[in-house]
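Report on one structure; see the data block that follows.
Letters A, B, C, D, E, F and G mark the chains in the order given here, with residues in each chain numbered from 1 onward.
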Amino acid sequence: MKQYFSELFTGGMSLVEGLGVTMKALFMPIVTVQYPREEIDISPSFRGHIDLILDPEKNSYRCITCGMCEKNCPSNCITVKGEKLEGQKKKSLVLFDLDFTKCSLCGTCVEICPVNALEYSKEYNLAAFSREAFHYDILKRLEERIK
Amino acid sequence: MTFYQSIAEGLFLAFIILVVLGSLITIRAKMLMKTVLGLAVALLGVAGIYFYLGSMFLTLMQILVYVGAICIVMIFGIMVGYTPTEVAEKSIKDWRNKFLAVLSAVTAFLLILVCVLKTHWVPVAAGNRDFSAVHLGHEFLYTYCLAFELISVILLIAIVGAIILARGGAGKTAVDIPVEEKIAGVREEKGETTA
Amino acid sequence: MISHHLSTYLIIGVFLLIAGIYGLIQHKSFIGMLVSTELILNGAGVNFMAFNRFLAPDPAVGQVITLFIMGIAAAEAAIVVSFILAVFRKYHSIDPDEVDELHG
Amino acid sequence: MDNIIKNFKGFLIDQGFDAVETDYEQRGYHLEVVLTVTQVREFAKKAYELGFYLVFVAGFQVLADPETPSPHSGLAVVYQYARHDRQYRIKACALVPDSLEIPSISDIYQGADWHERETRDFYGIVFSGHHNLKPLLMADMDVDVHPLLKEEAKLKSLDAVSWPSEAPESTE
Amino acid sequence: MGEENKGSSIAPELDAYTEFLKSESCRPLIGDAGEYGEGPLLRIKLTDIILKLCQANSLWPMTFGIACCAIEMMGTGMARFDISRYGSEVFRPSPRQSDLMIVAGTVNKKLAPVLLTLYEQMPSPKWVIAMGNCAISGGPFKVEDNYNVIEGVDKLIPVDVYVPGCPPRPEGLIEGILKVQEKITGTRHPLPQNRHPKSPLRKVKGLRVK
Amino acid sequence: METISTLPPELIRMVISAIIVITFLFLNAIMMGYAERKIAGHVQRRPGPMEVGSHGILQMIIDGIKLVAKELIIPFNVDRTLFRVAPLLSFTPVILPFLVIPFSEKLQARDLNMGLIFIVTMGSVNVMACLVGGWGSNNKYSMFGAMRAVAQAISYEVPILLSILAVILMCNTFSLKGIVGAQQKIWFVFLQPVAFLIYVVAGLAETNRAPFDLPEAESELTAGFHTEYSGMGFSLFFLGEYTNMFIVASVATVLFLGGWHGPHLPYGEYLGVVWFLLKVYFLLFLMIMVRWTYPRVRFDQLLNFSWKYLVPFSLANLLITAVVVKL
Amino acid sequence: MLESEYQEQNRFFLNMGPQHPSTHGVLLIVLEMNGEYVLDPQPVLGFIHRMHEKMGESRPCPGFMPNTGRMDYVCALPYNHGYVSLIERKAGIEVPERAEYIRVITSELNRIASHLLWLGAYLLDLGAFTPILYGFDDREHILDILESVTGSRLTYSYYRFGGVCQDIDEKFVERTRAFIKRLRKRYGIYEKLVTKNIIFIKRTENIGIVSPDMALRYGMTGPNLRGSGISYDIRKNEPYSVYPEFDFEVPVGRQGDCLDRYMVRVREIEQCLRIIEQALDRLPEGPIRSKVPKNIKLSPGDCNFAVEAARGELSYYLIGDGTSTPYRLKVRVPSYSNLSCLPELGRGILLPDLVSILGSFDLVIPEIDR
């Protein structure tokens, strides 16, 4: 009998306490970042898809088309093609293609690059109507940036 | 006939239709669940008819007790006793049974109908026309006190009996078997089926 | 003006009664039979109320009796449902033909 | 009990098992036991009695070599056992014979049930005595698909994938 | 019905009426028939616009998390990102009551029939977001000796919006929902919007808000 | 015009009040839905609907229109009649109690002398909707929902009736107006605190609200008895639920919180509705808060709680009340 | 009618899942039921089998790194940790101490995030909506902290063979300390809202009791095992990394019911905080990555490495063949063994209890199916 009432009492009290917590929370400020209207600063180490680094000295890319990133990519999402143009010592880049839909953002390509030619972009809010939209020609993106 | 009266008559007809429809569903349906739902419809109709007979209290009670309680209890019984897959009654193959049913029903209906229509009913001079709950309660507790008490005793007996029957009526049930025993049973069965 | 005639109500009562009888014979399960019984009881209730309304001196009598019928019906439903449960557990069937141990 | 664990290797050798102590730092387990097909259940029973729990059951495939003293189909099953109360891990390994059948231990360790079904999915090893050897991870229609079987060209012999037979300490 | 009416002229009045509906003078009221394709015989543009606005702003997703992306999908519904601002927090467990299927994760051979069934159980109009690289193309699991993973849900069901990432950030999913709204109504922000959000996060250390 | 003028005024009044009631009902559901989502949001420290209209005020309207425009699916193999009737059945019995609810002294459609019984009766019919819907859906989850709804209704009807009876004993009338009138001096919540608590708890169960939302337990039965309903059907169930909440809260207000009584207002016999609605919405606010705070109870615990605590307490309460009243 | 016939007739099957709110993903449980009583729950796996083991065998070992994070995405860093430690053990790579400390800090943070997520999800299973939002609120702080070093929120590939890929800075330390303070303050909320709540206690107490023997037979590990009263934590029993240097306790339960499993996890959060605090205090200076050969050769022979993931013992078993590609890579995942006891545990219980038990196991389905 004693247990019957004590259980009722403690149970009831615990329920009231729980209600107190939510009541308190009701009047606390919200923690929401209302996304399209305000955005969190993405941390500098955020990993988006990769981009070529714009070398300020050359005003061009650093890539030497060694193909290390292509070889080491676990998901095979990078295609690099270089051609030896006339009058140049080194190969120059003609295609740097990234199939972002296969990428797993592991960062191997950026780390393996012998000349630090790659960086992560900070694009975190991508969405599109077709999957081809994420087939990036990174070289073209860089050229657009140069312009 | 005034406008109100025609509405009232229409509603009365609607209630009669409810009664007829509900009874027909009740006696014709194959699924037990539909039988009970048909009963609920018929009883709603009867409730409406009580309203036309002048007793609001009885109307409400009819809905509360029959639709809200008795039908629900029956459905509860169906649900506890049956699995979802097999609530349909077996189809009736027994033609003799059906014939008997139709015959007796029609005969009885005709006989009583003749009685009803042939009799000349003589109303007794009306006393008071008080249909209120107050008057009803008064009658209950004074004039029909003994019957009232008896009903309560019957209800009590019914409750106790129902509990006894439902709990310990017939040995162990699927629900009452201790878990260990049940597991053992399941295992045994498994063994049988695989072997 | 059918709602002002005693016969209308009596016919409804009779209809409920014979529907109940028909169902009682025709249904092959306890629940079905119970439901039919409820129909019969309601027929009786309608009859009582009708006579009370048109013929009796005191309007409370019919109501009282109908209420008693309801009480009895409720008790009966509870008992029968629990009875059905008990029978069902024992025989695993609600077909009255299969529950025939008392036939001997 | 404690004594048995202290000299578990000796205990096992007494019982007729082929046990070798290994370097934990290098391999991650303390004892390696090579089982024959008949010993699999026996060992599992011993391990259960001594309070080991089953970490996993896995299969792997090497080049089939029916010429060796213990002929095998190229498939092997690895069992790993460990203890709750101390740091002790045993790897037991059994080569699967040509019939692809190996006794199931799922009635001793119920946890082995799914591991064995999974191994059957991946390699097609049949665990005889298993009560319900249906596909687990693969779809029901893929009963005969065993994805982890390698192509002939990629297979290596058992020796090529095991530690050198000398104890590693002695080589250094 | 529609087929029959096209060919034979049952009633000349009806034909005249349809001609009238197609005429230029009705254009502002009634949309171009070709622009909607199959559907009811008669559409009134205004109702259509209202309906589309409503559908766009009340996308109830189905709780159908498959893999990693499901956690970010949950995260989108939680306090930090709060998808409910767009009326989409009503995650319905039953496909019958949902409008939007977010395929959040890898779909493999065993799951494909389930996915199809669920999609078919949803009442139209319905939309699909392929969230994460796995759902878009098989992602990191699109390998040479792939024996189980389906390389893109758009091979199974029509996908409206793709949200890449592994997994995408919740902002990406919100962006995806905005894209669905854009697809339905043609504009990115279809209804009057809330104007001046004030986030207390501005004061939280380490989190700067633009 | 002529036909209208020949119509009896009573009928016009009926039609007008029916329109008002249905409008109010929709408005109430919209408002409650919005409040629920907003309060849930702020309890969880997020804003809730925000982008549709100012602070998302149009959200529920838009949801409603969307639901109406959805494809109506009647799944394969369901019982078509029952499947279609169920949403209506959930909706009808919750409209009728508006006939007797006294919003203020003069704002009452009809003061039945058995008003309270009327409401209780309608409440008992309500469970039929869950039952028919769940049964007709040909879905085992719905079936479970229906079973739970029935058992829940059986066990919670009793404490509700008993706690109401305690109040009836004190004021000797079933008329809602009479009950409110009896609370001129002191609200019954102070005289009958136990009955009030029991009524509120059992009312939560009656309306299938969390923590007693077993028939539609999301994590166990997907969506319970309305799993198979889409579009219109679902919105009718939704409407029914919120209206039922309103009814339960207003009955609690009438019985325990003094109905329209409150500090004096001009035109008090009409403006009492302000106090009435305030009290009702306060109760509804509590119900919403409870939903967003507690876990769901288990099925047998619910029945246990009813038979072990609520019924004995309400019986004892009734007994004590009877004794005190007679003294 | 015969008894067995009746038994057969009275049973029916219920498919719970693959899309069911309480199976946490795409697990299908075929329930054999009698009324609301579950007679035989049989999990059906494989709806998200993603051939991780096959992928591990078909590419050089660094290429498997992203996969480890995607097996258990809720608590990915211990998975990374196990894999890098395995390869380090196999190839004999030394790891700088600072890197190990960073690994421990980040792993423990991730473990807390996992437990917080579980707490919310469990309460969601039991029907309470709000705790999951509070849990996620705290979790977002962890994710922010982790994102600032690892670059992603969920599926980290942060560790590298011989170290980690990015160093932590003062700001990280500061934010972590702030977070520890914050979480300790939030305990009261969880206690009032959940732990003390009578409904919650009634829903979890004495339900799904896992006896120590049963746990042994099924090879259960992690908090599910510790709930049964066996103090087995790989961080203590088979110490790896720098765990032996820290002072922490292994919380255990009394009888192994759902409430015990809940309590173990909640108390484990506190222990994780203690470890993080100590690690932050003692964080040594130095390099974060040692020199590693570009092409790691895995010598012939097998090797095993076990770590304590948030759900229990995670064990990588690798067979090398002298190339840089593993010849065989077996991942022993904890949830797999934990879930396998469900058919035995779930017999003769009510459906809501089954939901409660499933929730208390803290399942991550892709981890089970791999």
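Convention: contacts are C-beta pairs under 8 Å (C-beta built on N, C-alpha and C of every residue); 3 or more make two chains touch, one makes a residue touch a chain.
None of these values were measured; they are calculated from a predicted model.
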Can you tell me the least number of steps between chain B and chain C, where a step is a move to a chain it touches? 1
Strictly by the touch rule at the top, which chains does chain A share as contacts with chain G? E, F
Of all other chains, the one whose Cα centre sits farthest from chain E: C
Top chain pair, ranked by how many C-beta pairs fall in contact: B-C
For chain B paired with chain G, centre-to-centre distance based on mean C-alpha positions, whole Å: 56
Indicate the whole-number Å distance between the mean C-alpha point of chain E and the mean C-alpha point of chain G. 33
Between chain D and chain E, tell me the centre distance in angstrom, where each centre is the average of that chain's C-alpha atoms. 50
Junction residues of chain G - those touching two or more other chains: 9-10, 12, 20-21, 46, 49, 51, 54, 59, 66, 70, 130, 133-134, 137, 144, 155, 193, 197, 199
Of all the residues in chain F, which ones touch at least 2 other chains? 41, 43-47, 50, 140, 147, 218, 222, 292-294
Can you tell me which residues of chain D touch two or more of the remaining chains? 138-139, 147
Residues of chain G touching chain E in the complex: 18-21, 24-26, 46-51, 54-55, 58-59, 66-67, 70, 73-74, 117, 132-133, 136-137, 140, 144, 153-155, 171, 174-175, 178, 365-366
How about chain A: which of its residues touch chain G in the complex? 7, 10-12, 14-15, 17-18, 20-22, 25, 31, 43, 45-47, 72, 74-75, 104-108, 111, 120
Touch list for chain G against partner chain A, complex: 59, 62-66, 70, 130, 134, 137, 144, 147-152, 155, 157, 160, 165-166, 189, 192-193, 196-199
Show which residues of chain F lie in contact with chain E when the two form their complex. 37, 41, 44-56, 58-59, 62-63, 65-66, 69-73, 218, 222-223, 226-231, 234
Listed in rising order, chain E residues that touch chain A in their complex are 79-82, 85, 130, 133, 136-140, 142-143, 152, 154, 160-166, 168-172, 174-176, 178-179, 183, 194, 197, 199-201, 207-210
